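Next up: some structures, all given as structure tokens.
Both complexes below contain chain A, partnered by chain B and then by chain C.
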Partner chain A sequence: MKPTFPHMGTIGVLGEAILRRFGREVILPPKTSKRTLTLGSRYSPEFACLPLKVTLGNLIEALERGADTIVMLAAGGPCRFGYYATLQNLILKNLDYEYELITLDYDMLNNLRKLKRLAQGQNWFQIGEAFRFGFLKLLTLEKMERSAHRIRPYEIKKGSTTKAYDEASRIIRRTFSFRELRWAKREAISLLKKIPQDKTRNPLKVGVVGETYTVLEPYVNLEVERKLGEMGCEVHRPVWATEYMISMLPIFSRWGPRRKYRKAAQPYLKEEPGGECIVSIGGTILYAKRGFDGIVHIAPFTCLPEIVAQGILSKVRKDLGIPILTLVLDEHTAQAGLITRLEAFVDLLQRKQARQKMKGKQG
Partner chain B sequence: MDTYLGIDVGSISTNLAVINEERKVLVWEYLLTGGKPIEAVQKGLKEIENKLPSGTEIKGVSSTGSARHLTGILVGADTVKSEIIAHAVAASHLIPEVKTIFEIGGQDSKIIIVRDGVVVDFAMNTICAAGTGSFLDHQAQRLGVPIEEFGDLALQAKAPTRIAGRCTVFAESDMIHKQQTGHVTENIVAGLCQALVRNYLNNVGKGKEILPPTVFQGGVAANKGMKTAFEEELGYEVIVPEYYHVMGAIGAAMLAQETIVETKKTKFKGFEVSEVDYKTRSFECTGCPNLCEVIEVLMNGEVISRWGDRCGKWEVLEK
Partner chain C sequence: MAIRVGIPRALLYYRFYPLWKTFFTELGAEVIVSEPTTQEIFRKGLKKFIGDTCLPMKLVFGHVITLADKVDYLFIPRLVSIEKDTYLCPHFAGLPDVLRAIMPDLPPILDTYFNVRKKGVTMRSIYEAGKRFDKNPRRIYLAYQKAQEVYKKFLERIRDGITPQEAIQAFDGEEVPPVKERKERLNIALVGNPYTVYDPFSSLNIIQKLRKLEARIYTSEMIPDETIEEGIRALSKRIYWTFGKETVGAAFHYLDSKEIDGLIYIISFECGPDSLLKEIVDDKARKNKKVAYMSLVIDEHTGETGIDTRLDAFVEMIKRRRRSKKMEGEKNGK
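And then the complex of A and B:
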């Protein structure tokens, strides 16, 4: 059995780590590229959302590389994502690919049975350790990403943070034991610390909110976070793969990491319309209250939860006076148009900041 | 005399404007880009040089518009800014209390919301040409009306025809249908203006707080029928500034002035740029499955800049 699963930002690290510890040979899809998108859009329904198309492309490319088992989450919710596995299975079967599909969903007992099979007879302690390691590895990687977001606006040489982060991520990705990971973490941190920085700068603070997949997958969002960073913005975001995984577990659906966003969004929205709608709204409100300069809201075309969020966010913008830029992405997104919007948005924030500073001096 | 030059290279037109320290427009130039931005900029520079009185010194240059990066490299711009900011700066200088800016150009249209002289929100048309100058251009051709006479003809309409304007292609079928049922040309022309305005306000202006004073600029503002259609829809007067078609370039010139206050010295390569041999070429990078199309700018046969790659490996020129 050679399992595979689609990419979603850094989440692949988790799956790979766990399956490797189960003694499986994992076949990861190649990095998402134009080819992935082309393949995915060719075989998907036109009006399906972008993540479905890209992940289908991932699966096709992994099957081409010799994977024979697909592991997918199929939670029945939180949005159309819950049906990806079903639909992609249909499409791939029509394309005559041979593989086995293993879906993990809300039926926890059944999930455990499936896990036991994937784990090739390892005992429950070993399985638990595999999960603990996977999460720790992903958390470490996210920690590096978080510091890269903080460092980037201060970097003296453009691109040096991205280079250091890529190297740090490579070091962490190749670890498969707790001991290796500890060493790798130390090395990665020192790499990021070595980036020459100009601490006299006063970067803008920008929150990136939106649908999980498009926020986490740099290829799909045209590296919005890197671009913002290089234009001089400190990027924060409420969406992280680890938090996402935890909030998917039914026991945490009420008390998990999303609680604070739900609470913040209360005045605008009492029910969760699914997806990350509540996080986009709650996150925006929390960032605005912390004095952020602006919010970039990312969503795939036809994403219902984010369309709801977009409508409510225009009210939030008026109430809290925070500029919000919504970027809607699909396979036709033109890079030039997106960059013009981002540049204009950052210009807007910079001019606003300069104006406030001048006022502060006078007053 | 100290002056500042702004260059706005858009999809349809290339505009240049020179302002003095008091931000008064001295000379301007409007020419068609014709798909050749480099040539348009060089030609425009030559014209500007001829028009400028002798003894004027260009103290700063800025570029904007969709070809802003290319132009910036060509002329040695002190700052390269998006057209949204350029348009907003120019409009709020001319009408300081402006709250809303409509900008409708050849292939894109934008709305800019300004409060207390600062841009607080903006939107651009996304995937469709309906709501832009191209829509009118196309239908004018179809009707056999020269685009210059379009506006005046629209004003003569007594009962504008209602035309479905959501989509450029369907608008055309609807228009032909109206023609064949006997509607007169001026009513159709006025109907087209109204369709464009409706489309613009519903798509580009969706969810935006549109308040007076409102400035209407960009090439389409030349069309008096459009101005009237906006005024009918909004219920108040819409201001079309004197230099409505070169506002982007004027704004860019103002941005150049702001930049020079900080940097002091300009990077402008001089009007000689119009004589230099610039070329662009592109190739497909085969380093990964992304197959990025990388663009190279050559000056006298030497590569001076590259862009278009996702990973950035071509962007840095090895010296």
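And then the complex of A and C:
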């Protein structure tokens, strides 16, 4: 059995680490590329949401490479994500691919049974250790990403942070035991520390909120975070793969990491419409209260929960006076158009910052 | 003077209007429904809406605007789910909040919270809906029971073979010609979200058009729930959207049954659930050679003539199929 699963930002690291510790030969789909998108959109329903198309492309490319088992998450509605596995299964079967589909959903008992099968007779302790390792690895990687976001606006040579981060993530991704990971972490941190920085700058603070998949997957959002960073913005975001995984577990649905966003969004949205709607709104409000300069809201075209969020964010913007740029992405989104919009947005934020400074001096 | 409650003629109006109306009138309120959708109502809504969404959601905005200065309360319930173990599309759960965020000067919205996914309709949400009109829980509950009875009769009428739109007309006291008197030669099943199919504006009056082409219409409301569940049993994961489930269940049922000549699936552009479920219905219809199938994706830019042409062609195709089948039968007979 050679399992595979679609990419979703860094979440793939978790899956790969766990399955490798189970002693499986994992076949990862190649990095999401133009071809992935073309393949995916050719076989998907025409106006399905973007993540469905990209992940379908991922799966096709992985099956071409010889994978024979697909592991998918399938949470239950009302967002469309819960139905991906079923639909992609139908499409792939019609394309005559042969494989086995393993879906992990809300039925926990059944999930454990499926895990046991994937784990090739390892005992529960070993399975637990595999999960612990996977999460630790993912956390380490996210820590690197967080510091890269923090360092990028201060870098003296443009692109040096991205280069250092890519190297650091490669080092971390290579590890498959706790000990290796500890060493890799040290090495990665020192790599990021070596980046020459100009600490006198006063960067803008921008929050990136939106639908999990598009925020996490750099190819799909055309590396919005890197672009913002290189335009001189310190990027923060409320959506992280680890938090997402934790909030997927039913026991944490109420008390998990999303609680603070739910609380912040309460005056605007009383009930959770699913997806990351509540995080987008709550995150925006929390960032605005922390004095951020602007928010970039990312959503795939026709994303159901994010359209609700977009409507409500228009009120948040008026109430809290924070500029919000909504980027709706689909397979036709082009680099040049996006860059122009981001530049205009950053320009607006810079002027606003300068005006406030002037006012402060006069006052 | 009685308190005036406004119900927009959109979305779940096409499913629950008799229930809501009876409930509020029983409690002594006056129910005001917005006018049937027109181009003007649609434009009004479009101007206000931020971002892009499906046509039915844009229409609600227009209806709400036209109602705003005529009523004391707007009834726009916060519907998470209206059936066990299923959800509505996420838009419904956020709708009252989005309306309030975009149009702050609306009359107060009765946004009763309904989530019957686990426990069924609770006494609390019923009381919540009725407490502005009558403080007595017993009277509210009685009004609800009366509304339920009326609603059940309404559903039964639909099962007899009239469309929900006509059933609502009948409920309002208008004359609806009985089914038997019509001259109908073709049997066509029409599936899709009720608020897309039965709103004459968004579906471009497709029901009347099909009738003119001498077709008898079957809808997903005409078959009992068990049959719908039966229809989708073959799927590996249960569909968790109420209307998606009904649409696919009905489509599967009609495709398998012998009573239907053609199946039309109406989708509004950008409808989330339908964008995925279309693929499933398409797949099943492709494997079924006996029933003609067509899916129509509709939005505000869809031209009426285009639809006319497609419907004509569809009906013509069915007729031709019948003729060739007849001829084959005669040949075999010899």
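Definition applied: the second predicted complex is superposed on the first by the 362 of 363 C-alpha atoms of A that agree within 3 Å, B and C clash if a C-alpha of one lies under 4 Å from a C-alpha of the other, contacts with A are read in each partner's own complex, and residues count from 1 in each chain.
Basically, a residue touches a chain if its C-beta (ideal position, glycine included) is under 8 Å from a C-beta of that chain, and two chains touch if they have at least 3 such contacts.
No experiment lies behind these values; they were computed from the predicted model shown.
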{"item": "Superposed partners chain B and chain C on chain A - clash or fit", "value": "fit"}
{"item": "Touched partner set for A:H332, first chain B, second chain C, both or neither", "value": "first"}
{"item": "Touched partner set for A:S177, first chain B, second chain C, both or neither", "value": "neither"}
{"item": "Touched partner set for A:Q120, first chain B, second chain C, both or neither", "value": "neither"}
{"item": "Partner chain(s) touched by A:L348 [first = chain B, second = chain C, both, neither]", "value": "first"}
{"item": "Residues of chain A touched, compared between chain B and chain C (which is higher)", "value": "C"}
{"item": "From chain A, separation angle of chain B and chain C (C-alpha centres, steps of 10 degrees)", "value": "80"}
{"item": "First (chain B), second (chain C), both or neither touched by A:N110", "value": "neither"}
{"item": "Partner chain in contact with A:I312 - chain B first, chain C second, else both or neither", "value": "second"}
{"item": "First (chain B), second (chain C), both or neither touched by A:P30", "value": "first"}
{"item": "Least Cα gap, in Å, left between chain B and chain C after the two complexes are fitted on chain A", "value": "5"}
{"item": "Shared contact residues on chain A - chain B and chain C", "value": "311, 314, 328"}
{"item": "Touch list for chain A against partner chain B, complex", "value": "30-31, 33-36, 159, 162, 223, 311, 314, 317-318, 323, 328, 332, 336-337, 340-341, 343-345, 347-348, 351-352, 355"}
{"item": "Interfacial residue positions of chain C with respect to chain A in the complex", "value": "49-53, 78, 80, 86-91, 93-94, 97-98, 100-102, 104, 111, 113, 235-237, 239-241, 269-270, 272-273, 275-276, 278-280, 283, 297"}
{"item": "Residues of chain A defined as touching chain C within the complex", "value": "44-49, 52, 74, 76-80, 82-83, 85-87, 89-91, 94, 103, 105, 268-275, 277, 301-305, 307-308, 310-312, 314-316, 326, 328"}
{"item": "In the complex, chain B residues that touch chain A", "value": "66, 81-85, 117-122, 124, 126-127, 207, 209, 288-291, 310, 312, 316"}
